[in-house]
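Both of the next two complexes hold chain A, though its partner changes from chain B to chain C.
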Partner chain A sequence: MKLLKLLFRNSFRHPLRTVLTILGLAIAIMSFSVIRTAINAWYVGAEASSPNRLVTRNAVSLIFDMPLAYKERIANADGVTGISLAQWFGGIYVEPSNFFAQFAVEHDSYFDLYPEFLVPEDQMAAFMAERNAVLVGQKLADRFGWSVGDNVRLTGTIYPGDWDFVIRGIYTGKFETTDENTWFSRWDYLDERMRVETPGRAGRVGTYIIQIDDPSRAAEISQAVDAMFENSIAETLTETEEAFNLSFVAMGSQIVLGLQIVSAMVIGVVLLVLGNTMAMTARERVSEYAVMKSLGFQSYHLVGLIAGESMLIAIMGGALGLLISVPINGVLGVALSMMFPVVKMDALTFIMSAVISGGVGLIAAIFPTLKAVRTPIVEGLRIVD
Partner chain B sequence: MPLLISYSLKNVRARRLTTSLTVLGMGLVVFVFCAAWMLSHGLSETLVATGYDENAIVIRRSSQTEVQSILYRDQAAIIKTDPGVAVGSDGTAQFANEILVLITQPKRGTTGTGASSNVPVRGVSELSFGLRPNMKLVEGRMWRPGTSEIIAGRKVANGFEGCGLGEQVRFGTRDWTVVGVFESDGSGFESELWGDVEQLMDAFGRPVYSSLTFKLADTSQFAAVKARLEDDPRLEIDIDREKQYYANQSRFTSIYITAVGVTVSLLFGLGAIVGAMITMYAAVAGRTREIGTMRALGFSRSSILFVFLVESLTISMMGGALGIVVAYFLRFVEVSTTNWDTFAEIAFSFEMSPMIAVIGIIFSLMMGLVGGFLPSVRAARLKIIDALRSR
Partner chain C sequence: MAETIVRMESVSKSYWRDQLEIPVLQDINLEIPEGEFLALMGPSGSGKSTLLNLMAGIDRPSTGSVKVAGAELANLGDSDLARWRSDSIGFIFQFYNLMPVLNAFENVELPLLLTKLSSSERRQQVETALSIVGLSDRMKHYPNQLSGGQEQRVAIARAVASDPTLILADEPTGDLDKQSAEDVLELLSRLNKEFGKTIIMVTHDPRAAESANLTHHLDKGELVTK
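Showing the complex of A and B:
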């Protein structure tokens, strides 16, 4: 207890310097937490995926689609308990910068496969009843101020022309990681119009979502599905929903890598700020340490004093940093909602921040401690600042 | 004045450890700051270099990118005969029909991890090469007409499995042999596979073009050509200068990189300012008697302020220079990532520009100024008697 008091008194002998150091550390740890959260945003899609779902797409790439006829064949495959389909719509709402994910889905099956999208019963009934009905996520509705009953017009980038929709429901997510930034329209609305305007593009499906009841058979079922369409004009690639979502992360892997490197640099910044303060402190107290040594205090006492002070400052800085990063990450989430549906802080970020603070506190103390321990008493006493 | 400056510089040197820690910290911040700008600059430079000002590109109205665009043969025929299209010495229209699709291909060196990305495959006609004079075949040969042969851009050949010279890549129910590797002065085309447009349309079962590119007969008349073709009710198309079209494709990704990079470096910058403040407060505290002596000798308060500001600015300037110099060497690092505007992989390098260096220096000086101001004010406001009396 006495030691703690001494550490605290020592730390605040130069209150301004210590406050500044804590502030510097807090800012660095906050940056770390923000960058980590930005990295995690890439992986949330994969985390939120269910082991009971497989995704089938055209093997060449996502820009190619598959015929509707595949649906029956996949549904009859062994181990498949449910199937639905989706097509990326890619419309523009007023201007291209208002980007958000839009899927045209098979209305009567899609939400059975995605129980994590919670839609009030009456709104779901309205979605079923009308071809141009749309379900949107709560966050997306908030972003554009939409409410149930609003008419929304999108301009197609893939499917030409203007498309009029009416919002019939707003869904919420069952879990924290559930995407609430997506727009679901009805596939039959899209298909009907394609049939009239460009019959060659009707009856096409971007992805099939397959439900299986035994996740351990995922690999086997995927292979069986792909084998059915081998050597056809539209060969397929079936993978678990998680692998499908991770393939998007792989596309941005170098950006993620860059962010990871930058987040590691934070450790350098923290070390420099704290190391600087501790170096100054130790320099000023050389004679004091000599006095202590001549009074009979051992080297380990000095080690405890200096390392303890360094850790105390580091931990206060880290705690403050984590505290301010919570609201900042909230702002980040809103800013990135266009690209990433879910942005949130995870427990690992907390743990890593704490470990970094403590570790840096120790490392920053090494150099001053060595100096204090190694300086002979006589020399230490001789120094007059 | 020179005396004051040399006094500041000597002080910077006298306190080596603290100074170098502060310089390192600032250098790190400026490095991150410059790296973010260089990355986004590198991407847009690559894309801007892809297009030519004297070429125009046509895609379907509001389709935004070639991949999403569909143009029919009759539309192509109408545009080809427009007087805005340049005609070569042999009487042929300088006009190319192209198709652009994406194929998902594993990246090299990631075997087993399943890391793959989208490679653009461009089906081109003979005139496509004439329209991009910087295209040159550096290895192998051109494809033979009517065969499943393709050529690969340098960066695709290096970055993706099956895309190197002599290797085979499978798509559209056929195996395609890479028979040549081309370069185009580092432009975005080097991230593409090129093949014969008719062969590729056939293989993908897609009897439509993605885009039409032509040379303008009179480049100053672009606005008139644009108005005429976009107003033609038979066409329903968007037309842009090729350079502008590619420049636009860096919008999303550039903004993302710059926004994240600048936000992070501003946060880091705050940290560095605090670091500079600690250093400068310590410098002031350590020299209280000196300051008293200087004041007693007749140096004014503003001289003291000036001395400490110069010291702080010197430290930050050194940090900034260090950061910029180290960042400069990032030019040799190549980055390959998905461009979210086109959903296709593109390879590019960090690119330094004088503008970025200047912004980096200004940024570091700002940190020095802000970090050094309060400590300098404290130094200037010390009372002579108190300062001389301090131990």
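Showing the complex of A and C:
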């Protein structure tokens, strides 16, 4: 017999208590990993950004647009190797709850700047040939059961009226983090109708996407672009695509902060659950530890037994929690796939969950271990079970 | 002439409760020769168990010297004292104090884990100890599957398994029925006579004390008779 056997048997001396503790830990670790995964999903858009792309928008707000005339001036700026434009469309498909991102983009330049959107050649050619053509992401197409050739009508909110489109292509993402939930229509289709219906809104652009050859010059080029339009009626704000995307994350920062607080609280709950179990355990075994000491066992033996038991329970709970979190995160990924391109537990979350499990096991053992080690043998022996 | 295995000189022990000093043992001078079977008797609170604890090195005197099996206990730190206990002392408790999650074999093997014996050597010693106490057929039984008398015999096997110099028994029959108590006392006598073990037994039962070769009495912390 080794002391490890004693440790293991001690762990399951009260099977119901141990199992409930393990389940409590498992649920807490699972919650932690799911929350962390949800938080990570917010940042995937920013992580997917290209360092070679800048985004220029109206300095006042994204709500305000800019003149089309800016395009030529920006394109001629030093360091700029490509430019395209996009306008948020904001239409409703059947009902408002069917929300998805819709951009009207300059069809012949936009996808040159976004090589991560993979479109079959024939479909791209069809998109180029027809003004009301649309490219949609694979996940978006799956969500609504669309296929190439389908006619889709959107009801405009920013641009009133019914808008008829035809799906001419379905793109897939080159990378796992590439968003496949977006709708790309043609900006010239939008602009053409604006010229007819509300000429004051024609020739307007929401964002310019700038391609640069040297990411290390991003700040310099951004300043140069913005300097061109200083004191104009539509001053600009140019920033890296990552900063631009993070500004959207910042809009939800309170939600992220809330989730982070909840995840920290979950860890606290885990600690209390295991700490309570270990405290009860140590209290019940004071006389046994005294007997062991009287037999010649030293403090480090008791530390090993108690901390080992605590760690064993914590690691079992953590492992079970991580095991459960795999399918739960899968369900979460499906549920949130329309909002986030990637909802997947990353290695860091896995490592953090494992480290927290072990750490909680160690911390929960501190008080019971101190009690067992510090209780004089004579005092411990007086306690009769 | 047998060597002295326990020598206590001017030993006193007091406990403190808040600001109040409670004297438990006063000026104890005692010599016990090797191979003795000594009964320590006295009423409750007379200091019997405290005296035994001092001999076992699980408590320290307030004043005086305790020398057991050649070691001056006051000179040993906590770790050395634990090692010394493991080598020299076999302790038998009133309530057996077996590990409930370990079977009889494993309980007896427990103190041997502190030795350098191999697994097979440990097995041999455990089997020998359990056969001495007559429980070879109960090796795989857990404490809750044994009677009180059997549990105490397992505890005795645990105490002798590492072949200690001195066996200390604190009210070993205090929780047993008459027959079991007689079995345990007979076993202790046998350990003393056949195996030459020095045994010091605390008891308040005169019939138990009759098993011993020698009886000392304690009253109000003082050794009153020799």
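Throughout what follows, the second predicted complex is superposed on the first by the 374 of 385 C-alpha atoms of A that agree within 3 Å, B and C clash if a C-alpha of one lies under 4 Å from a C-alpha of the other, contacts with A are read in each partner's own complex, and residues count from 1 in each chain.
In the analysis below, a residue touches a chain if its C-beta (ideal position, glycine included) is under 8 Å from a C-beta of that chain, and two chains touch if they have at least 3 such contacts.
The structure displayed is predicted, hence computed values, not measured ones.
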Touching partner for A:Phe297 - first (chain B), second (chain C), both, neither: second
Which of chain B and chain C A:Ala227 touches, first, second, both or neither: neither
Partner with the higher number of touched chain A residues, chain C or chain B: B
Chain B versus chain C as contact partner of A:Ser253, first or second or both or neither: first
Touched partner set for A:Gly275, first chain B, second chain C, both or neither: first
Which of chain B and chain C A:Met265 touches, first, second, both or neither: first
Touching partner for A:Gly24 - first (chain B), second (chain C), both, neither: first
Contacts of A:Val378 with chain B and chain C, given as first, second, both or neither: second
Which superposed partner A:Leu348 touches (first chain B, second chain C, both, neither): neither
Shared chain A surface residues [contacts with chain B and with chain C]: 385
Chain B-touching residues of chain A, taken from the complex the two chains share: 14, 16-17, 20-21, 23-24, 27-28, 30-31, 34-35, 38, 59-64, 90, 92, 96, 99, 155-158, 160, 231-233, 235, 237, 243, 246-247, 250-255, 258-259, 262, 265-266, 268-269, 272-273, 275-277, 279-280, 335, 339, 385
Residue ranges of chain B in contact with chain A within the complex: 17-18, 21-22, 24-25, 28-29, 32, 39, 60-65, 67-68, 101-104, 107, 113-118, 171-173, 204-205, 236, 252, 256-257, 259-260, 263-264, 267-268, 270-272, 274-275, 277-279, 281-282, 285, 335-338, 340, 343, 345, 391
Chain A contact footprint on chain C (complex, rising order): 53, 56, 58-59, 78-79, 82-87, 91, 93, 95, 97, 99-102, 105-106, 109-111, 113-114, 158
Chain A residues within the chain C interface of the complex: 1-3, 5-6, 9-10, 13, 287-288, 291-299, 376-378, 381, 384-385
